[in-house]
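Two complexes come next, and they have one chain in common, subunit A, joined by subunit B in the first and subunit C in the second.
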Partner chain A sequence: MTDIDAAAARWTSVGRRTSIGRLVARYALPLMIISVVLVAALTTPGFAESTNFRAILINTAITGIAAVGMTAVTLSGNFFSLGVGATVVMAGITFLATADRTGSAALAIVITISVVVLLGGAQALIVAAGLNPVITTLAFGTIIYGAIAVWTGGEVVTAGATQVTGLATADLVGLPMPVVAFLVLTAVATVLTERTVMGRQLRLVGQNRETGRTTGISVLATTIVAFTSLSIGAALAGIFSAAQLRQMQANDLPNLTMDIIAAVLVGGAAVGGGDASPARSALGALLLVTLGNVMLLHGLAPGVRVFGVGVITVVLVVTLHLIRKADAR
Partner chain B sequence: MEDTHTPRLSVRGVTKTYGAFTALNEVSFELRGGEIMALLGENGAGKSTLVKILSGLVAPDAGEIVIDGEAVDLDTVAASQAAGIAVVQQEYSTVPTMSVADNLFLGQAAAPWIRRPRRLVREAREILARVGLEHLDPRVEVATLSVAEMQLVEIARVLARDARILIFDEPTAALSDAEVGRVLDAARRLAGEGRSIIYVTHRLGEVFEIADRVTIFRNGTSEPPYDVDDLDVDTVVAKMIGRELAHLYPDRGTGGGQVVLEARKLVAPGFRAPLDMVVRAGEIHGLTGQVGSGASAVIEALAGLAPVLDGELRIDGSAGAARSRRAGIRAGVAYCSPDRKRDGIFAQSSVRHNLSSPWLSSVSRSGFIKRAQETRSASAVADAFALDAGRLDRTLGSLSGGNQQKVAVGKWSGIRPRVLLVEEPTRGVDVGARADIYATLRRIAESGVAVVVCSSDTNEVLGLSDTVTTFYRGVATHSRPAAAWTEHELVREVLHREEVSA
Partner chain C sequence: MNKATDLWNRYGLQGAILLLLLGIFTMIAPGFVGENALFAVLERLVPLGIITAGLAATMIVGELDLSIASMAAVAGAGVIVLGNTGLGLVPLIVLASVGGAVIGVIQGWSIARFGISSLVLTVATLILLRGVASLITEGVPVSLENYLLTDPLLGRSWVFSPLSVTALLILLLLGAYLSRTRPGRAMYAIGGGRQEAVAAGVPLTRTLVTAFAISGACGALAGAMSSLRSGSATPDGFGTMLLLGVAAALVGGIGLSGGRGDMVNVLLGVVIASTLAAGLSTMGVKSYVSELFTGVLLLAVIALEAGVSQVARRRNLARERRLSLDAAGTARALTTEPLASA
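And then the complex of A and B:
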């Protein structure tokens, strides 16, 4: 053991060497958010107020929770779920309908999460069998949308007499429940990704699936875990969203899928897999919502706001990509 | 034959080095009009480097290339095409979802700007007839063709360019005997039209069937060509090998350990007969054969990467290791792939994460990685494999090929391996690093591991192994102690068993 310890000492004494590109890639996002907040606070009336910060956090929570959940899918090399928006809406409607029927919000939460996780598991099995994840999730998204449209007949669904708004409005340590859930989920997902065997394996398989195979990493297991993470995120996003709105219908949240994907990308995830972080995806969601908020406060029309956020997303994603490429050289 | 005094192609004093490795050392080569010249040599002798230079993919460091009396500069693929050189690729370069006719004219400098399907099909028919594919409808997709037909279309593609010099780069490696005949016919017909052909092959039988002359490369050097009539198989083999092995390989093992790996009537995809095999602790067992001989199929089955269809595999007496790769790793079966980049390493990850990837669960508790322990174990491995200090946190892809290879092998020492399976351990590795790798493999065997090495390099297999098994067309043909083989016999056995005995 002494030999090994001596070797270890020699190795660790050399310390970590990190390239500039990696440092920039790692801290670009927090720096970007801080500078946006500073500039906005100086130039935008009404921005630097606690009610506005609260509003930004509440707006980030729904997209952020789903983006944090989806990060595992991107990390493991399964790209994105194009059905995530439809899944969130389905989760919301399932939650409201079961709360109405059972009279218990808690039971409705359990049922909703189980249903969404089962659907995610089905997609994982198909993707692990070799079908393209983009096509699979797009197909499931369409089927889910169609199913809820038929099921609800296009009507608005509510929780009836069951109280659900408390989920969205109840304060925990001074913050509304969805924000607390968003922060906790981000922390938990980050620790699981960075510290567990499964988290490491998601990353390795995302980098090189073939080497994963020869190293004995189960592609089936990693895919199931990734889609379970996605499903939990989508289910929680749907439940909180439904609790906020108190009603839901099949056509709600039309831009959600793209917002979630944008958050993961702005968070610096490698599209092909092998590099992504739940914390960075959460920051990506926060940055996009903050930018939208600043533009809203400046009284810009919705079209202009979408345009602006789109341009910034493209610039950020391209810049991060170039940094990563230069770093790999 | 045309005037023999000005050769069609003449290569003089060409040298090409890759770093410290000399691929070609003042090589000369000549080709007459209308002749078929076979180009022979072992793996790494420099054949493919010459082919790359002639096709404009690689620039030589020195030397000159003369075509029909004029010095030419082949610095781009376009320049090579313009000089009348065309290469029939070893790997298929056709687009499977396009029609045969479209593929024939794809990528040609002279292809017309406007696609006129009817004319294209008419011209395609003429060209196909010249390679013996007159029955083939040029409108069908390439994906629907047989392997032999694809290879003939590959030749036809080159014809569509109307080249004077054709290079066939192992055109028959994946073909059966009957199919080989069609390729040879096409080559003969083309030579009959006055074109010159360089025929690169590993199959000696073919050489005597079609070649006029033979050039042999060895270790990056050339010899003047021989007339094929002056040669026989034994002389060719002797001229291809004939290099000293003594200093390259470590001493053989003492052998005689207990049986570690035992395969009984094992059947897996790629086998044409059930396999029986025994490997003892401390033994290096070499498997060798041509591409498609079944040697690498055996490795995949032993690793648990390919499904075992019948029979059984026991590691230290217990069955089940071949059920999956994970089961194999649990039983102590380490596997090093022939293509490191493809499935041997995680290039974007750190050295530490690569090293720990097969045994992460052994340094974790309830799913959480114990990072100090991971670092300690990874450091021990790095130390044992002489990896440069201070690189545990470097991205593996940024290290040299030699260091990447050390990581690809070294990571397995963490699973306490009982069996080490290695495919093509020195592919693309220069001579100095080879000796290093051989010494490492021997050291691993000496520590009580059963090592199985699969290589298409017969010299390597013979120099390194204690026991050698040859494979031919999915069947293990012979298994003997290395001392009972001469390299001569081994090369004969592997390269041209049927061609010669027939």
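And then the complex of A and C:
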């Protein structure tokens, strides 16, 4: 064998190993979901029924919508938002309160999304100026929580006489509205991330901020896009959640922030930036909810469910990181 | 630089903020001054002071332990459940701290060995430890059956309690460790300039493991003592401690980018945050309002830090440009002079 042959062999073997790493990173999640569903269907009575699948999808929708929205933040190298739970609750309360005042759910949706996007824009400006995104969103989350607690006095907010439950219960093509919104949003976000210039710019800035800047991409613009995506996801999650519950208060949904971050992490996003996909975040949310559902059907305590989510998150985060590192070599 | 300017640079801003706060509260909340106020502020050292010290250790090496509040929740739940099996006070606290340190070692080792970002790993362990806390408590609040067990912790002598004295001792020990020992100095080196420090032979893995062991032990100790004081624990306890700890550390002057700040900064930060909270609560302000204030304060401080580092960078750039211009000018003068004289 000549030197060239040896080099070529090494080259192709490196190529193959790389593609195996990529394949694992890309298909591990769908495979895990399929195996969980198969095993559960065989061992868990009551799992493989259409009403149960429907319940799983409805439960996934809220977390999933927010996780899909947050994926852009992770992709662009801004880690994650520690204020996303507070933002969702604020969106829900804003929606209910404006629906009550204006008497129109549609107008309330528009106002809510605008308010949340403006707040996201403010965070984007601060983060793009070079402040740590994790700390900034932690501070903003607290300010948002404090502001709604002060505004509502800690009381429960309802939509009054305005009808809002239709948003959560109305069927579209046989599925409830939040689930349809979740699927549509995932599809739109995936196309925007994979197939548009803006999506690729987000990815490049996330992979290497300096290179992005040198090639003329505005870090400010990409950060604003990322936080707008986060805000739209959080606003929709809040609106649907408020429509489901018909009432909300500042203390609601205390575990939401971590559930959303867990979904993005389990979805295999490289939190350092540059590798994340809305579809995988959506699948991450689906996997966590399906596992929770199976544990519930087996009569396990809620504590075990939270623990299971934690174990899966840590194991996947470390494994995916190691696969990626082996890939980059 | 003489000693006074050095002290002013390190603690001047924080001292000024503290004096300002004290001035404002003595004016608008006359009930605030005196022994009881001092006692209230010192009592907040557990858990906030110890948690902030742990966070500061990870911030000094240029990382951040987001899981510290979950660690406190696990330790809190653990000591209550174990306390009901008849274990004594001291073994409980020691066991919790050692357990926290062990988990911290695993975290620090994974971060150093795998090159994983500490924000990513610790947010995952935050979720995991929250699950452990809910597993231990079975998802419901637990309380101590033998409430005589914690009596030794509840004494008070003048403004001190056993808990606040323990917290002060921990700060003192950590301060001495960071400034007077070789591994402590290594933490500053790793935080200040990681590549330079590694190139100079400072051990990276050992230093990161130490930092996370400190934060794990501090988180667990804070949670254990705080839960023992109240005699109860909830699976989702200490939820706001991450925010308060990060805020106190940054307000106190621990640098987020690493290598800056010491335990005096931690103490100042915690006292500022506690004075704000205690002062507002004597005025009858609800706790969520004081959280709002803490959020605003945190945002202001990181904005200030970012602003200062921008100005410093610009000033450095300008100086380098001036120096290189000077050098170019000298070079031109040297090359043209012989020609002119010829």
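In the analysis below, the second predicted complex is superposed on the first by the 311 of 329 C-alpha atoms of A that agree within 3 Å, B and C clash if a C-alpha of one lies under 4 Å from a C-alpha of the other, contacts with A are read in each partner's own complex, and residues count from 1 in each chain.
Just so it is clear, contacts are C-beta pairs under 8 Å (C-beta built on N, C-alpha and C of every residue); 3 or more make two chains touch, one makes a residue touch a chain.
Not measured: the values here are computed from a predicted model.
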First, second, both or neither for A:185, with subunit B first and subunit C second: neither
Partner chain(s) touched by A:307 [first = subunit B, second = subunit C, both, neither]: second
Touching partner for A:70 - first (subunit B), second (subunit C), both, neither: neither
First (subunit B), second (subunit C), both or neither touched by A:254: second
Partner chain(s) touched by A:93 [first = subunit B, second = subunit C, both, neither]: neither
Partner contacting more residues of subunit A (subunit B vs subunit C): C
Touching partner for A:130 - first (subunit B), second (subunit C), both, neither: second
Subunit A residues contacted in one complex by subunit B, in the other by subunit C: none
Subunit B-touching residues of subunit A, taken from the complex the two chains share: 3-5, 7-8, 10-12, 14, 16-18, 195-198, 200-201, 203-204, 207-208, 210-211, 213-218, 274-275, 328
Subunit A residues touching subunit C - in the complex, by the definition given at the top: 79-80, 126, 129-132, 134-136, 138-143, 145-147, 149-150, 154, 250, 254-255, 258, 261-262, 265, 271-272, 301-304, 306-311, 313-314, 317-318, 321-322, 325
Residues on subunit B engaged by subunit A in the complex (per definition of touch): 303, 305, 324-326, 328-329, 335, 337, 342-349, 353, 357-358, 360-361, 364, 367-369, 371, 375-380, 382-383, 389-390, 392-395, 397-398, 411
Interface residues, subunit C side, partner subunit A - complex: 64, 66, 110, 114-117, 119-121, 123-132, 134-139, 235-236, 239-240, 242-243, 246-247, 250, 256, 286, 288-289, 291-296, 298-299, 302-303, 306, 309-310
